[in-house]
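Common to both upcoming complexes is subunit A, partnered first by subunit B, then by subunit C.
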Partner chain A sequence: MLVAPVLVLLIFFLVLPIAVMAAYTFFTFVTAGVETSALTTANWHEFLTDSYYSGFLLKTLRVGAITATLCGVLGYFPAYFIWATTFKHKWLLLLLLIVPFWISFTIRTFSWINILGEQGVINVALLKLGIINEPLPMLYNEGAVILGMLHFLLPYMILNVYVSLESIDRTLIAAARSMGCTSAQAFREVTLPLSLPGLAAGLLLCFVLAAGSYVTPQLLGSGRDALFGNLIYDTIMGELNWPMGATLSIVLFVVLGFFAAIYTRYMGMSQIVKGLGG
Partner chain B sequence: MKLTNSKRLERLHDRYQNGDLSRRTFLTLTAAAAAAAGLDMPWMRQALAAVEEVRFDGWGGTVQDAIDKYAFKPYTTKTKIKVVQGTFGDEDEIITKIKTAKPGDYQVIHSSGVNYYIKYVNAGLTSEINEANIPNMANVLQPMIDPFRKLTPKLSAVPYDYGTTGIAYNTKVISPEEAKEKGAALLLDKKYAGKVGGYDDMTTRVWYAALATGQDPNNLKDMDAIWAKVRETRDLAKKFWSSGAELMDLLSKGEIVVTDAWSGRVAALQDQGAPIGYLDPAGSYAWMEDMLILKGSPMAECEELINFMLDPATSIAVAEGQSYPPSLDPTKVKLTEKIEKLPAFDKTGTMKALTFADPVYWATNEDAWTKQWNRISKGA
Partner chain C sequence: MPDSQDATSNPRPASAGAANAGEAAGANSPAVEFRDIDIAYGKFVAVRDFSLSIAKGSFVTLLGPSGCGKTTILRSIAGLVDISGGQIMIDGRRVDDVPIYKRNIGLVFQSYALFPHKTVFDNVAFGLKYRNVPKPEIVRRVGKALEMVRLPGSEKKLPSQLSGGQQQRIALARAIVFEPQVLLLDEPLSALDANMREEMRVEIKKIQKETGITAIFVTHDQEEALSMSDRIVVMNQGAVEQIGTPQQVYDTPATAFVADFLGKANMLAGTVSASATAVLLATGQTVNVACPRPLAQGSKVTVVVRPQKLSVGAAAGANVLSGRVVSASYLGGSAIYEIDIGGKANIRANAPISGRVLREGEPIDLGFDPGDCVLLDEAGQRIS
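Let's look at the complex of A and B:
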């Protein structure tokens, strides 16, 4: 009986919207903002036969994978530091980690324009120091998009890894050291393997969020740096073609769901839940 | 002529002050109105509450600031009807929201003229204005009203302002002489590769490609040549902007040195002292904006608001604030020197000097061309 409210919530807020969207994929687009419920497979046919869409899908997966990997590499060290530090106010470090969430995501993304732009902090400093003669083109390219997403996603990675590290029994590391391991060996043989579930959870979360992103590419990238989410946005908001927009949305949902399903099959969802719960 | 509640009470008050009503009658009628508002069914109270405010959605930034300051605030002071405001960067965005909302949630839209008017008409979102409730429409330029009336004899929108999308350039990098000589070709000048901008909008892109290929924007013959030019600009461009705020940011921060741009936003930058020049090349894209009332809106209140906005004093103040000429006919209403100096201002009142998009022609091709532009903008 306790499951009933959860089921109702899931049906109303997850299954039903997705079902409606799935139904929309078979509707007929008439003109901008107008569609009929006459059923057609034209939208699916267009998606499956037009390499424009598959090209963007692959690109999105590539950018998502790069972003997630960078998050993993860059996020592990701060997580390890917070876990290993003997600083008595560790809560303060964790608090600092979530402080960026208090500021609007859009504003945080916009802030990079003032950092990477031609008149941004970096270029102005380098020009004044005489290191460069021309401003470096750091904005409106794929690098800027990945950087913006790193900024947004790193806390998710750090929290996941930190939670995983926190669950390690520290006596195992002490045992490894007492048996002659150096601290580097103890990290490699004990700490790293035991923290992998957290790292994997962080990678999945960062990958899914990066691949589903559209605001960051819109603000920090050029048209060429668009991701699949931008295609969906343009189709629904620009072309007012809801049936095709719904088709693309379902595709992204299924593809990202596929990766989540693989993760769940081998790792389980509990680590992500723990990570998000802090 | 349908009257708003505020208007009825205003008239009642006027009659009382003129001595047409006794104090007792006035108080009795006022009390009856108050009792009616307080004692009826909840749904009636909700309905009455709805006309205490009007919802307006516009382009934000300096344009909406001016409308708010010179039109909405005085209107609220006068009528006690609050104008609740929202903004959008792209009108398709607000159409999507309107489609998913129930009638009446969105009411007045600062819309982009006839090209968009067709979209609202096709989607069944338009209302029917009672023009008798907007007497100030008599001062509105007839050449601006006619295209709307061709589409729907019963209007759902009233033209409010107009402008051009011309060429804006950084005067520290490009001299006015060079800009004048090259005109629209500046957007295709390889010398400025990586420093070119443009509006992320199909109509603007195709329009300027038409000028570059020497074609009539309202009768394009060679679309392959058009798309080739659109790609050429894309390859030189650093960024296609999608809102007036982004345009101003890119220009003022020096990220781009030349772009097609909205005349009013450039005028706002010039007022701030930015080194930005502006020119309208031959055949520059002219557009008009209107106040569109959506289906399900409280018509009398919305009409009252638009009539207030069209009052010459209000309209002139807004025009000066937003730097776009008003829809008032300069042969009927004395406009200010500042307005007469605004880019795109047509002192004849005929609008013949400006080239507007043929709404039917562009609407016919809109779906296919928008799709193609979206692809090209992403590198296709």
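Let's look at the complex of A and C:
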């Protein structure tokens, strides 16, 4: 009986909207802003045959994968540091990870314009020092998009890895050391393998969030660096083609859901829940 | 009891080995030797002035309440804790500057500490791998170690597929497979249930004897200590209270702490009366005691009597004290009585049953042989 309210919430806010969207993918697009409920497979046909869409999808997955990998590489170290430090006020270090969330995500993204832009800190400084004569084009490219996403996703990665490190019984490391491991060998034998579930959870989370992002490429990328999310936005808000927009949305939903499903199959979703719970 | 005396008041390198008495000095350096060890965490002194020498092949137990420093001592041998003063020698070689991974020591933890992501084989083979033992030799020795802990053929299992007792056996196999100089056991039985604990007690002792390894065992459980050890080191608040064989520490506790910690002895406060072997108890009765040296008249002493040394009812011949039964627990062959003889604390007697078990409130006589007690002076030290 107690699950009833939750069930209602889930149906109302999750299942129903997706079902409506799924239904829209079979509606007929007439002209901008107008569609009829006459059922058609034209939208799906267009998506599956036009390489423009699949190209966008592959590019989005590629950027997502690069971002997630970089997050994993860059995020493991701070997580390990926070776990291993003998600093008394660990909570302070963890709090520092959360602090950026107090500032609006959009503003945080905008801040990169002031850093990387032609009038940004780096270019102005380099120009003043006479190291360069013309501002470097650091903004509005794929690198800037990935950088912006790293900025936003790293705390998720660090927290996930940290939580799985924290769950390691430290006597295991003492045991490995007593049997002849140097600390580096003990890390390779014990700490790293036992923290992999957290790393994997972080990778999935960062990948899904990066591949589904829309604001970062919009603000920090040029038109060429748009991701699938921007494509959906343009289709719905620009072309006012709701059936096609719905089709693309469902595609992204299914593709990212597929990766999450693979992850759940091998790792279990509980790891992510642990990570998010801090 | 040659070494119970020096251990009492002055725990300098008192040999706590099995075969210490006849051991030729210098021919064989002790397996482990502590010289004036101090261990402090900031301002907190965990261990102070600890000296002990452990003979090769012996089973020595560090016994004491939690927080007495026994685990800290154990960890200092392994190098998991840094000592702040003194020296630790293993086989005559100073090790306090040797990093953990270069000390050749087997460790068994209370929490088993098996690697959950590795199979039983990889767990047991771990120490051999880091000693560059060739693969076929590793396979052979792991197999042998698993046979020794009576879990042959479990190589491919994961620790999570084993019971607590089995996991602790694997942990034991893992610690002895590379033939360490010393085996350290940090309360290895306390996570097990009662039945398993007794079984493992026998098993650990058997394996220790078979391999002839020097073992240092840490526990707060007096039964474990008494049943397994060649020598017991009783510790309290970071210092040694007594070192001796199980029987020595049990029968002739060196201090009030040892008497109380091992087996809850009865402590009867009193004053030496006119006769040098008679003690006038605070409760008014006079008892005769056997004392190794004449006692000064009027000095305050404590008469320590084990519950098992007290006879009750008609069996009470010497030093008869009368009281009332406060509670009686029937144990089959014997009964434990709590008896009020007028003092602050009740007397506890564990006596064979003759006739019937007396009930609460009934009058009861109890007595003990003058030779069956130990006398402590005012400072709580044994008078010897």
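FYI, the second predicted complex is superposed on the first by the 278 of 278 C-alpha atoms of A that agree within 3 Å, B and C clash if a C-alpha of one lies under 4 Å from a C-alpha of the other, contacts with A are read in each partner's own complex, and residues count from 1 in each chain.
Please note the rule applied: a residue touches a chain if its C-beta (ideal position, glycine included) is under 8 Å from a C-beta of that chain, and two chains touch if they have at least 3 such contacts.
As the structure is a computational prediction, the values presented were derived from the model and not from experiment.
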item: Fit or clash - subunit C, subunit B, common subunit A; value: fit
item: Superposed model, subunit A: greater residue contact from subunit B or subunit C; value: B
item: Partner chain in contact with A:G33 - subunit B first, subunit C second, else both or neither; value: first
item: Which superposed partner A:G180 touches (first subunit B, second subunit C, both, neither); value: second
item: Partner chain in contact with A:G257 - subunit B first, subunit C second, else both or neither; value: neither
item: First (subunit B), second (subunit C), both or neither touched by A:G238; value: first
item: Which of subunit B and subunit C A:P137 touches, first, second, both or neither; value: first
item: First (subunit B), second (subunit C), both or neither touched by A:L172; value: second
item: Partner chain in contact with A:G212 - subunit B first, subunit C second, else both or neither; value: neither
item: Nearest-approach distance, in Å, of subunit C Cα atoms to those of subunit B in the combined model; value: 47
item: Interface residues, subunit B side, partner subunit A - complex; value: 90, 92-93, 95-96, 99, 119, 122-123, 194, 200, 234, 237-240, 242, 249, 253-255, 366-367, 370-371, 374-375, 377-380
item: Sites on subunit A touched by subunit C in the complex; value: 169, 171-172, 174-182, 185, 189-190, 193-194
item: Complex contacts: residues of subunit C adjacent to subunit A; value: 78-80, 99-103, 105-107, 109, 111, 113, 115-117, 126-127, 130-131, 174, 178
item: Residues of subunit A touching subunit B in the complex; value: 31-34, 52, 56, 113, 117-119, 137, 139-140, 218, 222-224, 226, 230-231, 234-241
